[in-house]
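Can you keep this structure in mind? I'll have questions shortly.
Read from first to last, the chains carry the letters A, B, C and D; within each, the first residue is number 1.
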Amino acid sequence: MEILATRNDKGTIVAISGKMDAVTAPVYEQKLRELIDGGETVFVNDFSRLAYISSAGLRSILATAKILKPKQGTLMFCGLTGPVRDVFEISGFGSLFPLHPSPEAALKSIG
Amino acid sequence: MEILATRNDKGTIVAISGKMDAVTAPVYEQKLRELIDGGETVFVNDFSRLAYISSAGLRSILATAKILKPKQGTLMFCGLTGPVRDVFEISGFGSLFPLHPSPEAALKSIG
Amino acid sequence: MSQRSLRLEARIENLEAMLAFVAESAGKLGWLGERLPNIELAVEEAAVNVCNHAYPEGEGFIELSAGGSRDSFMVVINDAGIPFDILAAPEPDLTADITEREIGGLGCFLIRSLTDRVSYRREGERNILQLEFLREKGQEC
Amino acid sequence: MSQRSLRLEARIENLEAMLAFVAESAGKLGWLGERLPNIELAVEEAAVNVCNHAYPEGEGFIELSAGGSRDSFMVVINDAGIPFDILAAPEPDLTADITEREIGGLGCFLIRSLTDRVSYRREGERNILQLEFLREKGQEC
């Protein structure tokens, strides 16, 4: 897994590539916690190059969302590909979080 | 395993790197058979970048030497490193074949 | 293909080796396409659970066996941990919102959702979990 | 480290996976240095022999188990092939010249030379070959 966070005036785009599994998901969670501690509250997870996600990844995502909630923050997603989209659908995460076609569309949605 | 054969007026230097094992030794044997079929009879095996040899490698070397013998050819060796040198010693191949410090020294030895 | 197996210490650091073993075994049987991520995911979930929960008081092993054909691929996961029947694990609430939704509890659900046939049995001191994947008619496997 | 094992079809194409398994198992126990090529070599010779000779009439499996400590590393190789006692294999003639010297016959000899303790037993339908490597006092393992 590789994580690339790009700040922008509306929020932070977090592009994640590779696999988000039991070994790598904690790295994602840690990274987002640091950004939140640094004051960020609006995130777009760009999953267009994420090939795989397991429940460990879902766990880290939900844990992050729960931290953002009381801060009025948002965790949005874009670019979900086949297997990742399937996991989001099966687990109900697809309706728990806003999914967008692109990072730009996601940031636009919050006005 | 990688094989690089360099022809020169006195013979052919065959530089082999990597591992010469049951999977790769047949490739070496095949390569030398082609060179012999092409008329080459003097070979220096440069083992300075060979990390590992197993009995499959010794088998290919002896088979090659047996083809060269009636053609008055020679198979010389140089640059044996730790584990390869040990295998040559244990198996008696160190006294079956001339070992030299460098390709140049090997070619010089045949005058 | 005869039955292949890999037995390692049940630790997350060995997860990659386990998944590589399963992917290679599936690949040798011609399972190269779309289903592979599903297979890997189901196996990861089951293996991670063994690493995290099967041996609460120490360390133990996990053994994966793989085999089958182009039409059916089976992975059997075997451990000597506490008895745990994946089929009896409760369904997660998939409709709760972020605040209410509980963290965790998705692993067993994903395994059941992605695997065509799941069976569990306790044999002596062993948990034996069988995951079978079927190729659909006409589908690339 | 508990006992780890890998069971695959006894085919040369699986040799790399077998050696990677053994090297990783040895590495986890701290065997990182000079002895590793010896260990790999002894295991390759034994494994190649099983692939080439153990199942003259078809196919079969090979199982490698690895375990030990920083002071002693043991690999057990197990197959269901024809009975073969490596300790009874004849010594090669190491002094013959190129013309006289026979091709082959070095594998078993190398195993015996590189391994500190070799034992063989037939158990039912199984060949069980144990290769044990000892760290010398003061030596990097």
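In the analysis below, contacts are C-beta pairs under 8 Å (C-beta built on N, C-alpha and C of every residue); 3 or more make two chains touch, one makes a residue touch a chain.
Worth saying up front: this structure is predicted, and the values here are computed from it rather than measured.
Contact with both chain B and chain D is made by no chain of the assembly. When every chain is reduced to the mean of its CA atoms, the largest separation from chain C belongs to B. Centre-to-centre separation between chain A and chain B, using Cα means, comes to 56 Å. Our note on geometry: chain B versus chain C, Cα centroid distance of 48 Å, whole angstroms. Work out the mean CA point of chain C and of chain D, and you get 31 Å between them. Chain A has no residue in contact with two or more other chains. The set of chain D residues that touch two or more partner chains is empty.
Here, these are the chain pairs in contact: A-C, B-D, C-D.
By the touch criterion given at the top, residues 21-23, 51-52, 54-56, 58-59, 62-63, 65-66, 69, 82-83, 86-87, 90-92, 96 of chain B touch chain D in their complex. Those residues of chain C that touch chain D in the complex are listed here as 1-9, 17, 21, 24, 59-61, 63, 65.
The residues of chain C lying in touch with chain A in their complex are 12-13, 15-16, 34, 37-38, 40-41, 44-45, 48, 51, 92, 94-95, 97-99, 101, 103-104, 106-107, 109-110, 113-114.
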